[in-house]
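Okay, so chain A shows up in both of these, paired with chain B first and chain C after.
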Partner chain A sequence: MDESTKRLVQRLMRRIPSKMLKITLEKWGRLTEKQQREIEAVQSKRALTEHLLSFCEKNELGVKRLTELEMIHIIDNPNQEMWYAFRLSDPEDDARSVDLMQFKEQFKSHIRELVSQVSVKIRKHTDEAVWIRIAWGDTYSCPNHLKPTYVVHNLQTPYVFVTSLTSKKKLMLSQALVLSTRYQSLKDANLSGRKLTAIRDLLMRQYQQVFPTKYPSPLTERNQTVTNPHIEREQAKPAERRLQLACEAFGVGMLPQLQSAVYKLETKLRDHTDRTMREREEPFRCVVKFASTNLLESLKNCASSGIASTPVTPLLSSIPLKGKNYFVITENGPGPSSQMS
Partner chain B sequence: MEGASTKDVLSHLSLLEVQMRSQKIQSQQPSRLKELQEKAAALRRQREQLKVEIQMHRDLQKLIASLDKQRGEDEEEMEEDSENSDLLRLMARHTELKDLLLAHHTIGGYDIMKTLRGKGVCVTVATAYEGVYLERFSLEFDVKPAVRLVRHDVPPFIPLTLLIEQSCIQTDLRTLLDPLSRHLNAYTGRKQQLQLVKQLHDSVEVMESNVLCSLLVLLFKLPAENTAFLCSLDYSDACRSLPTRVSFQCHDKELPDSAEWMKIRSLLLETPVHKALTAMRKMGNIL
Partner chain C sequence: MSLLKPFSKLPSLNTANILLVESEEQFQQSLADVLVEETAFTVNVRLAKSLPLPKENEESRPRIDLVVFIINLTSELSFQSAEASLKYLDPGYLLGKVCFMVTKARNTSVPTERLDAVRKLAAVLSCPLLFAEDQTPDGVTNARERLLSILKVSAGLVPMATALYLSNLTRCTVPPDIDQPSFD
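And then the complex of A and B:
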């Protein structure tokens, strides 16, 4: 077994936690029953790696099979990588009838034209998403399987999710994607995060939104802590209005678990006390980052509890509305208004 | 003194203050009498107010009836019976609209209402298939300075921006809502058919489908020698819930062209897929 395959196995064993290993290996299905049971009996990671190496030699499993194993693991645990969302725009007329076979063939042939040495694997997941694994090489070297790029796309939707890659590779990937999906361009959607499920649910609107309706079903979320019945009674109407506006801005139920939002401010500083800063012509650049285990839920709570004023400011409600978590805010014209991009 | 209103803190406080003051008065009886007299006066005022309201409602109903009549006939002079006739006419129109909206909602048409911020409207489109209500989709519009879509929960594979471009929402919102409703109803119809196929037909395997439900590839098992038979349904018309093209694939190249399968092809083009599959199983074409 050559060095690169060995390194690949070692890397895989580092990435896959021991408790997931059994299931992933079973799904992979490349080990005999006896080998499977042997591996399950082993405890330490080091011994596991040794075993797997020897089994791969015995069963003559090469790089191709090992990349399958990696792909199975990533598809089942997509929330460990850093994902970036992209948006396809301007579909051609036949974009809506692209089917899986056509997409696979087209993508493979285009990426092979653009990158001289590349290894591409495409799988369709049960939820109709297409998963692509790309190992990049160039004219002088073989595809590097230690740093693959993963791409997830649902056909007939304009969204593509990609794990991190350099700008040069991004160019080639977007070219191949645009040609095979029959759109005209691929742009950054300004949405990123560790949890693929969260950013995908946000963009595909797979959470429950709330709209003003004359026939409402009562909002089941209520502040359960009864502090003082008199305060309750007085605050009932304003609290209900705040809750309704917060739900309209962010949604109800399980919200996509976004974990951060970044605002890059290029606005002038407005401080009544500090004259020197106020008179500066150049904008005061700063970056504001919100981080949370569940950002949308916490922002919604801010609005419904009254910490943030309602109606919710467009700066915050744009996160779910536009499906972005990176904003650049610039000064535009006189007065307190500022443009959002 | 009116009955205690629990909604207003200040009035409640003033009530308590008055109660305390009245307790300081020496004898109970005269104050009690005074209380009761004041209560009676308040109730009398309330009765007068209710009488006026009832009269107004009666006038409104008369006006609504005469408005209806007026629509059926050509120019007829409206009698100026009271100085409030314009206001009453407006109120009549308002009540009529409210009734119309309720009726519309009951039959599953579009719902429309003002948004909380007061700047726009929210329209809800209901979808249904085979007599069952499915999902509802909402669109929020700002109406000033121009009609503009602010937010919605239409899924991204429905070409909403294209439909907006092709409509004139500034003059008539229905130029957008009618095509959108066709797209959405067809989509939920196809989605529902797919769910039913998965639920009712275990022996048929769904090989491929997509989020738009515009493509369906099914694997049949034929009774003869347990052979496999692949059937592809293309729903390229996004406004229809029936396929536009049906194609078959099988090891035996001649089987798809047989008379039996030609009949099945036309069945699949004309009936919803879950019903077609039930018929095919009954007739013994598939397992």
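And then the complex of A and C:
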């Protein structure tokens, strides 16, 4: 067993928490029952690593099998990485008929043409998503298995989710993906977050939404609790209206968990007292970032409690509406209106 | 502009009506729940986010005997909202029928200037200033007891005592050196 394999095992053991190790190894299914039982008896991480190393040597499990183990762990725990969403655009006529086998073959051959040293592993998960693990190398070095890139793509949908990637590798990945899914281009969807399911639900609109109606909303029925006849809310109607508007903008129930929203402003400063700033040709750049453990829920609460004005400004409501959490706001020609792109 | 007036309606027998104004609408709900538990007399609670109160409730609204402004010290917005609401209150209320209740005063993120501002506001209007703990059930019960004792007087349920008389004893006063820099 060479040095790099050893390091891969050590890294894997560091990443997988002890309590999940048993199930993950069972799913992997490369150890014999006796070995499995032996591992379960061991407590410390260091001893576990030693055991796994010796078993790998005994069973002749190489890098290929170890990457399988890593994939099983990542598929089960996708919320430990930062995920970036991309959108495929302009499908060709046969884009709808791409099946898994065809995609697998095409993707592998295309990416091998672009990068000489690359290791690709593709797995189909139960929820219809295709998981791709790519370990990149360059012309002179072997694929680096310590820093792989994960790609998740649901066939027949235009969305692709990718973990950390440099711009050069992004180019190659986008080319291989575009060719094998029969689309014409891959664009950044400007959405990122730590929860893969959350950003997927947001893009595919798989959360409970509320639509504007003229008639008394079902929301009031749902919120009706037994109230004391001696307690009366003076401003119950405006409060109800605010809640309705907030729900229309952000949805109800469990909202997808986003961690941040970034607004990059490239607009001119309009201040009549400050002459130097007003006469500057260059736009005034600044970045506004909102961060929270559940951003959409926080924004909804701001709107429904009256801290943020309702109807909700398009700047905030376009996070769920457009499925983005990175906005660049630029000057829209002469005039006060600004444009979001 | 519709002013809230203290004597525009007739009182009803053995009843006291209290209006809780809080811009965040959190503490007022739990406070209202314990206030109505009073059995010696009937307590009606009206909750509002800010003044002025909506016109369409004018008919159903009883005579308000005590207006309580709840200010969360950790939020500037809460203080500003209370300050703005005061304009929609008839000056007659200031004769003992208004009180301020401050919450989260023990929070470390509270700037001392804000507490001073609230104290000054209460002193200028000669209203009592109460402090309450909104997180614990004990704190809520304490706040209830204090409010009920003021409410009883201002609703005229205590013989020989009036709101004006009580407010002379309970109103907030500002120490004369509040504007001086402190050396501690």
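Here are a few things to note about the model shown:
Simple rule for what comes next: the second predicted complex is superposed on the first by the 306 of 341 C-alpha atoms of A that agree within 3 Å, B and C clash if a C-alpha of one lies under 4 Å from a C-alpha of the other, contacts with A are read in each partner's own complex, and residues count from 1 in each chain.
Operating definition for what follows: contacts are C-beta pairs under 8 Å (C-beta built on N, C-alpha and C of every residue); 3 or more make two chains touch, one makes a residue touch a chain.
Bear in mind that the values here come from a model prediction, so they are computed numbers and not experimental data.
Contacts of A:T213 after superposition: chain B is touched, whereas chain C is not reached. Applying the stated contact rule after C-alpha superposition, one finds that A:Q235 touches chain C and leaves chain B untouched.
Number of chain A residues touched is higher for B, counting chain B against chain C. Legend: residue contacts after superposition of the two complexes on their common chain; A:I307 is shown touching chain C, with no touch to chain B.
Of the two partner chains, neither chain B nor chain C is touched by A:A47.
Once the two complexes are overlaid on the shared chain, A:L245 sits against chain B while remaining clear of chain C.
Contacts of A:N154 after superposition on the shared chain: chain B is touched, whereas chain C is not. Of the two partner chains placed around the shared chain by superposition, chain B is the only one that A:R96 touches, whereas chain C remains out of contact. Residues common to the contacts of chain A with chain B and with chain C across the two structures: 233-234. Note for the complex: chain A touches chain B at residues 96-97, 99-100, 124, 128, 154-159, 203-205, 209, 211-215, 233-234, 241, 244-245, 248, 311, 321. Considering their complex, residues 19, 23-25, 32-33, 36, 42-50, 53-54, 57, 60-61, 77 of chain C touch chain A. By the touch criterion stated above, chain A contacts chain C in their complex at residues 228, 230-235, 237-239, 305-307.
If you check the complex, the residues on chain B that touch chain A are 6, 9, 101, 105, 111, 113-117, 122, 124, 138, 140, 151, 153, 155-157, 208-212, 214-215, 234, 236, 238.
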